[in-house]
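Several structures are given next for inspection.
Look for subunit A in each of the two complexes below; its partner is subunit B in the first and subunit C in the second.
What follows is the complex of A and B.
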């Protein structure tokens, strides 16, 4: 009975499992290197996790609706570069409004292209979004000539983002909380959220119940683009140095966080809380490896193996026989 | 004659062929415009043949990817696997003091083993290939960097000389190698193995129901792709005479887009090796022609465009090519399937 309970928990409660594993890894890290237990470490883990959670918001929406968005990183980099380019180190509040609108606009345009390619034209989402992200990446280099004129936002905005309340909670984690509230409301309290779950579960059934699936999916991609744009705006403040393709690594991280958090790649099942838990696990793991001063190559290796194990436990495809 | 043309039109490689020959014309046209006086000399031929030398790793990797893609599997880590072979071939003589031929053989075998491991992860653990590929990129990159923290290694000059040499003075060695590898496909095409690959690509469940051992076939094909990838790694070693732990990563993506450009369906079960070759040819020609066009424009107008512009335009052309091909393939496939239905059931073609 007890064994069954454990098995049930491991197999079905992925969010709990992710949190448990994070705790375990954190404890192991501290046990191996007691010096790593300090307020600063908590703060940096929170900050990194918040950044990843914010970035993964759009990815969660898209994966739930049975798509995949490989352009998250490129969109964020583009939005960050646009933000920095508009602010130019100045501190006029009006400019902030323009910058955030521009970031949202950039995200919306890229998201619309993704949506039109992946849904309206019916091309494979992975390939289309990947290539669009490639083009966006090239566009950054063309726009800036390789190195942006301004590489960071004004000190006030930056310190506002990275300021730690009570020395622990970085301001960006409150943005993450706000994002959480927004996505939770969007997914669980609006018709739109319910409809994307249905689309991810069974597109045909959704269509037969009268949902305009194509239009909704395009809007969903656009929404993801907008969220990535906002993430880029926040990231511009959070990160000290913005260059072309600064956030390109985020794409894979967001997918991993979403998948660890129990969202099915096939769509129809998942939650943003899971994504946050997945982000926590990913950050704690990479923090642990950094604290134990594992060489970058070994770090790659360990991350890959752990990823394969997690995927093997949680994201297996159905067998052909069944 | 008419029948022959129809046959070509119905082949999955048709759209890729059109794209390829279109850009072949553009390529030679640009060559002619750049230097009209020396166009009809041996130089043009040499230039064209040197493409085979520098791009044979990419072509071989794409051929390996094509085997997997016909089965409906995408392996994004295939480029990293190529780097794995490259690093082993270059570093083993230095670290263990092995003679070069032995080291190269070990590199080839190790790459096949790695690919088999990848196959086990995808088919036995049933992890979605896309995610498995991403995870494997991490793992292989880690291994590569452990073997060779920075580019280097020992490659005998003779390897490069042989790879560079021209048989009878006009056929490059790499071209012969590619032809032999294509010959392997022509032989395999007739065997039950590739028939099973098409069946799995079409519908895995149905293939299983007809008695095909899908898991075994998948692992075999992974091993085959690993063989192509390993050879690509050796070609890279010979062509660039260095072991580089991470440059191969981009090849994974390029090989996928090349396969799609050539007309292999991403879902599997549609396409052939000719598609892969046309696709990769198109991609290579775009990459080499666009910078030349830009230099011509700069010369004519006096405005300088840096390499970022070249990359942007190559990528946009390739993106457009992808879109066009996928639409063409879909139309072709629907026609094909409705034709089949008509033959089997006697139904109307438009049903």
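What follows is the complex of A and C.
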């Protein structure tokens, strides 16, 4: 009986599992290297987790609607470069408004291209978004000639972002909370959210029930692009050094966070809370491996194996009962 | 030659075959008949190795054999041409015909030249005029059917089965197939034909085996049977017994015309369809599988585009681009193909019930889970739609309850016109009655219902008027006293090609 309960928990409570595993990994890390238990480490885990959670917001929406967005990283990099380029180290509040609007615009355009390719044209989302991500990446080099004139925001913006309240909570974690509220409202308190869940679960049924599936999925890709643009704007402040393709590595991390959090790659089921828990697990694991001074290649290898195991446990599409 | 004895097969609770038997001699052409769901297809699949029976024996040439896979079936010389093609759409005609049969050179490479010769031989035999290199997906459905038959012939079978393979063929193509069959028969091949076209049976078949509810109810020589007898065996009803005996209210003339379809065509599936639905009535649509019924209902919904004719709904001419347009005009659609077209298996019962509502209204307006729950709760209470908790995923429910969920989804929105495509397919008898009761209540409140069903009894029970589709056209309209099973069956088989006038006396049915 007890065994069944454990099995049920492991199998069905991905968020709980992610939190439990995070705790376990953190404890092991401390046990192996007691020096890693300090306020600073907490702060840096929180900061990294917040960044990843914000970046994975759009990815969560797209995967729930049975798509995938391989351009999250490139969109963020582009938005960050645009942000830094507009601010040019200045601190005028008007410029901040212009920069954030520009970041949103960049995201919206890339998202629209993703949506038109993956939904309107009916091409495989994985391929379309990956190629668009390539184009966006190259575009950064073309625009800046390879090395951007400005590589960082003004010190004030940067320290505002990275400032730690009570020495633990970085400001970016409050942005993550804000993002959480926004996505939670979008997914659980609007028709939009209901519709993307239904589309992701059974697109044909959604269509015959009267949902404008094509239009909604294009909007959803755009929404994801906008969220990635905002993530890029925040990332520009959070990171000390912006170059071309600065956030490209984020794409895979967002997918991993979403999947670990229990969102089905096949769509129709998932939550942003899960994504946040997945992000935490990913960051704690990466932190632990760094603290134990595992070589980067070994670190990638271990994380890859863990991802495959988690995918195998959680992400197999269940057969539909006829 | 071939004998199947006491074959039984259960699909969970459904008994598809119940001690069925079938016997075919060498060089005999046997017709295998039965209405929809009588077990014909399952019996054929047992022979082809696609279905493993739960009981019974198969003898070929007097020897007991086990057919566990299609490879086994092939080993015993059994080849099947199916109605729903087993062709691979993107592959060429040659490759499809020669699939797994291609002759090899010594080094293991396929001998293209020989392969082409062999395929062309069968194309000539069946007089199929296509380029052998064309991908089959680009061909006409009837040509695809012919290639399906060629593919079966290429296996040089001892036992050839045509599983409704002639259903989409044109008359001249049927002639060609029959002449080939006669030749094969003379060579000693045993042939089993599954068909709904009665005229074909009398022309080519020697023997006849009739299935009903998975049992073999009649066997015999075709010469000794007439059509009425066959229909009787298939339906199990005396031809003069009236089923649609409850009084139909003569209300059609007083009521408002809701939907008027004029000369609608959508080649190759629909031609020249004229159809009316009045307010507050249940219009039935009957016919054999694949005669255009489901296409027609999806045309109304805007899911398919028609090429000719017009559609007038509530006095206005309409042309929907997608289902969403129809839904915003208060048209609802319930599909019998739950898994693919209606249920959201991972989402909760409440969300499934609310889905029709989810589809309309402002995208970003506030929508609380309470609103979804209370809507779902009231729908459940009002119509007794569902067992199980609001928060449970829909795939935790049984098939019948899932279907009630889908019905409830639309009923609760009370659309003006509700389209149903075989909504009780695979639904147990109690749920079916429940669904019928709910639908009748709705019509009393003025809803109009168009009901496609493959089950004749169901149609006669629920529909005020019944349109019958045959090869993409309406072959009959039965209303009032005309709603009798034998008329329905006759129209389904295309025996009355002309649309009968309501109330006109029909001599043949008087028996």
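To be clear about the criterion, the second predicted complex is superposed on the first by the 316 of 322 C-alpha atoms of A that agree within 3 Å, B and C clash if a C-alpha of one lies under 4 Å from a C-alpha of the other, contacts with A are read in each partner's own complex, and residues count from 1 in each chain.
Rule of thumb we're sticking to: contacts are C-beta pairs under 8 Å (C-beta built on N, C-alpha and C of every residue); 3 or more make two chains touch, one makes a residue touch a chain.
Here the structure is a predicted model, which means the values were calculated and not measured.
After superposition onto subunit A, the partners subunit B and subunit C occupy overlapping space and clash.
Of the two partner chains, neither subunit B nor subunit C is touched by A:240. Of the two partner chains, neither subunit B nor subunit C is touched by A:89. Shared-chain residue A:178: touches no atom of subunit B or subunit C. In the superposed model, A:16 lies in contact with neither subunit B nor subunit C. Of the two partner chains placed by superposition, only subunit C is touched by A:207; subunit B is not. Number of subunit A residues touched is higher for B, counting subunit B against subunit C.
Judged by the touch definition given at the top, the superposed model places A:307 against subunit B, while subunit C stays out of reach. Contacts of A:259 after superposition on the shared chain: subunit B is touched, whereas subunit C is not. For the superposition on chain A, the stretches of subunit C under consideration are 116-124, 134-142, 404-412 or 422-430; the one running into subunit B is 134-142. Comparing which residues of subunit A touch subunit B with which touch subunit C, the overlap comprises 318, 320-321. Of all residues in subunit B, only 74, 121, 125-128, 130-132, 134-146, 149, 204-205, 208, 214, 253, 256-257, 260, 266-267, 306, 308-309, 311-312, 315-316, 318-319, 322-323, 326-327, 330 touch subunit A in the complex they form. Chain contact summary for the complex, subunit A toward subunit C: residues 186, 188-195, 197-198, 201-202, 204-212, 216, 219, 264, 268-269, 318, 320-322. Contact residues on subunit C toward subunit A in their complex (touch as defined above): 301, 303, 322-324, 326-328, 333, 335, 338-347, 351, 354-356, 358-369, 372, 395, 399, 402, 409, 426. By the touch criterion given at the top, residues 68, 117, 121-124, 126-128, 130-132, 134-135, 138-139, 141-142, 145-146, 252, 255-256, 259, 265, 296-305, 307-308, 311-312, 315-321 of subunit A touch subunit B in their complex.
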